[in-house]
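The chains carry the letters A, B, C, D, E and F, assigned in the order they are written, with residues numbered from 1 in each.
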Amino acid sequence: MRVTVSRKAHFNAAHRLYNNEWSDARNAEVFGKCANPNYHGHNYELIISVKGKIHPDTGFVMDMKVLKALIREEIEEQFDHKNLNEEVPEFKTLNPTAENISVVIWEKLRNKISEDLELTVTLYETPRNFVTYSGES
Amino acid sequence: MRVTVSRKAHFNAAHRLYNNEWSDARNAEVFGKCANPNYHGHNYELIISVKGKIHPDTGFVMDMKVLKALIREEIEEQFDHKNLNEEVPEFKTLNPTAENISVVIWEKLRNKISEDLELTVTLYETPRNFVTYSGES
Amino acid sequence: MRVTVSRKAHFNAAHRLYNNEWSDARNAEVFGKCANPNYHGHNYELIISVKGKIHPDTGFVMDMKVLKALIREEIEEQFDHKNLNEEVPEFKTLNPTAENISVVIWEKLRNKISEDLELTVTLYETPRNFVTYSGES
Amino acid sequence: MRVTVSRKAHFNAAHRLYNNEWSDARNAEVFGKCANPNYHGHNYELIISVKGKIHPDTGFVMDMKVLKALIREEIEEQFDHKNLNEEVPEFKTLNPTAENISVVIWEKLRNKISEDLELTVTLYETPRNFVTYSGES
Amino acid sequence: MRVTVSRKAHFNAAHRLYNNEWSDARNAEVFGKCANPNYHGHNYELIISVKGKIHPDTGFVMDMKVLKALIREEIEEQFDHKNLNEEVPEFKTLNPTAENISVVIWEKLRNKISEDLELTVTLYETPRNFVTYSGES
Amino acid sequence: MRVTVSRKAHFNAAHRLYNNEWSDARNAEVFGKCANPNYHGHNYELIISVKGKIHPDTGFVMDMKVLKALIREEIEEQFDHKNLNEEVPEFKTLNPTAENISVVIWEKLRNKISEDLELTVTLYETPRNFVTYSGES
């Protein structure tokens, strides 16, 4: 039986939307107030979902304690109370939109989680905007 | 990379469940208090989800500002503070169940959104009842 | 020790804002789309709070089962799936604003609950608008 | 048109995680504080989702009143205010992890719901941990 | 300027409602399914609120990091994944109703927090039932 | 009859905690990661509550449309997608803790709202931390 288990986590970060191959004027035109050079920020709420078979001995798809610790080390400690553009290496050249952040989180977790488990990242940028990525190309 | 972006919106409306090919007695029997001829109402909470490739220049699947404006024009301005049965043309002959409302919303948005984007509508009729429609036949 | 115990409940209803001593034009001017003569509606979420001493035998301020049943009989069965203006006697002449609804609910419950308990009604008209009434004049 | 309709429900229960083919020491090692022999408990929040065609007469995929009553009888009355390990027969020998509980709920409902409807169970063990099962093997 | 700062926390526990000066029959009659001798359980969600003057140097009423750590040590580590009746000394003779639990939490925190700060405990036993205690007699 | 009416709003902003009369080392010691010179950010959720008599003609304590517009002009347009330390004049010399932000918001709204109405500001810095200010000294 294949079940999906999900764990919520969160981090608070500053960012701005910015394509550094564009002029400031073009950035302001496309991204509006999200391009503010002084940054703004969000409480990102994160849901990590892992799908696979229930292990008959434990009754677990994946031990939630392990998943919780993995999210803490790989994501929360890297992103929380940070400026994403300035302090998270992946966003030095990649625009930290919710879409791109979800892909970066997925890639950071993908090679830490057993390959026979499917991985989905859901990221709430605000309570009203959220994105989901499952590694689909 | 294909990502789903979702945006929440809401509208408050009156409705009643009513099949106008049936007698009032039959409507009352099937729909119970939801058939009340004086109407009742809901705060409908809406999630519009759009799935597609991240555009490499913007980092967006679809600009949330555009999606937000589209939901406002096509859905909120048509449905908010309305009586769905009496004032929304689609429900003159179609019973405004949550299921049918989700299909109508999907159809109204489908031809306003680029064809290479998949569209899903989630509609909460109450915090305890909700429906999802993705155009599947 | 005086503790406040609170219980959530809910009802779905249609209403319109309307002062029946005013012209329709004046109602439309003051209440905007809320005056729509065809009604709109809400999922009202209700919190009933009761404050008093903990009874030493039960450890209860008031038995939640009793409070739940009282809310069902006095409020939910009177208001749920109703048109407040047309079907709830109190609003025949009283404009069913959230403020006035909270006062009516408070008065309906006040004489069903022991006088040594303080009563507060919190009513969410939408997830974004709510009112609170404690019998203060 | 195939739509998914979902209904929320809930039950409060005690449980412990325990594989009765293992020693107590092994259970404590694997399950940590969740193996506490005196039990702990949760407010389980449940979402039952049913996907199928909208019936043209009713506008329903499935009557929510029927689904609500079915969840009450088959799940809430069996699980609410119970000790899952001690009082729910399915967990006499099956470890009541969220994963296993979701499978048991799915199986209990599957043969009560029309076969042309797809069934998904989402179970929140806490507001931060949840699982989803759709009958996939 | 006197401001209230609040911090959310949570613990999962088993309990039963039981007055040990009463017969089992009397307990069953008064507390119904909550008296189940095999226990049931809850995800208790806790809000600790502290009111006082803003310190001019820090801009804090109380450092949230300190409050968070205090709640962890004094409450979460004592109550989480425990059987309240069996394992928390205060409830050996005191019925663990939500009311009584809120008083016990208040008393445990009261003498750890500066006397010039007012303390309020809000405890959600379920998302639908909650209590508040501020030390009022 | 005196009723409290409340309206939710929100803004997303960057900030850092910083007392500019202290050394950087002292700021880091007291505020930890919240003092990060590159900023972090939050989705601030705001509840503005106004208490007063129900006007007998309108049934309103205060017209929610007016309150909503006032919050938009005075707070959301000043704070949303801003860096509070750098771009909001009040925080040039005042540390933008949640406590201080709530006081600033209260003062900005106080002289725009009729004096016979009591005003309370509740500000969620995260879903787990919030503050309340009612003008009490």
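As a working rule, contacts are C-beta pairs under 8 Å (C-beta built on N, C-alpha and C of every residue); 3 or more make two chains touch, one makes a residue touch a chain.
From a predicted model like this one, the values you see are computed outputs, not experimental measurements.
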item: Lowest number of touching-chain links that must be crossed from chain B to chain D; value: 1
item: Superposition of chain D upon chain F: rotation angle, C-alpha, nearest 5 degrees; value: 180
item: Chain at maximum distance from chain A, centres defined as averaged CA atoms; value: C
item: Type of chain B:chain C copy interface by residue overlap (half), same or different; value: same
item: Recurring contact interface, reference B-D, options A-F, A-B or B-C [over half identical by residue number]; value: A-B
item: Separation of chain B from chain E, taking each centre as the mean of its C-alpha atoms, in whole Å; value: 41
item: Rounded Å distance between chain C and chain D, as computed from the means of their C-alpha atoms; value: 34
item: Centroid spacing, where centroids are CA-atom means, of chain D and chain E in whole angstrom; value: 28
item: Contacts with 2+ other chains: residues of chain C; value: 127
item: Those chain pairs that satisfy the touch definition; value: A-B, A-D, A-F, B-C, B-D, C-E, C-F, D-E, E-F
item: Residue numbers on chain F that touch chain A, as the complex places them; value: 10, 12-15, 33-34, 36, 38-43, 45, 80-83, 86-87, 126-127
item: Interfacial residue positions of chain D with respect to chain A in the complex; value: 17, 19, 22, 30, 32, 94-100, 102-103, 127-133, 136-137
item: Touching residues (chain side chain F, partner chain C) in the complex; value: 1-8, 49, 54, 57-61, 64-65
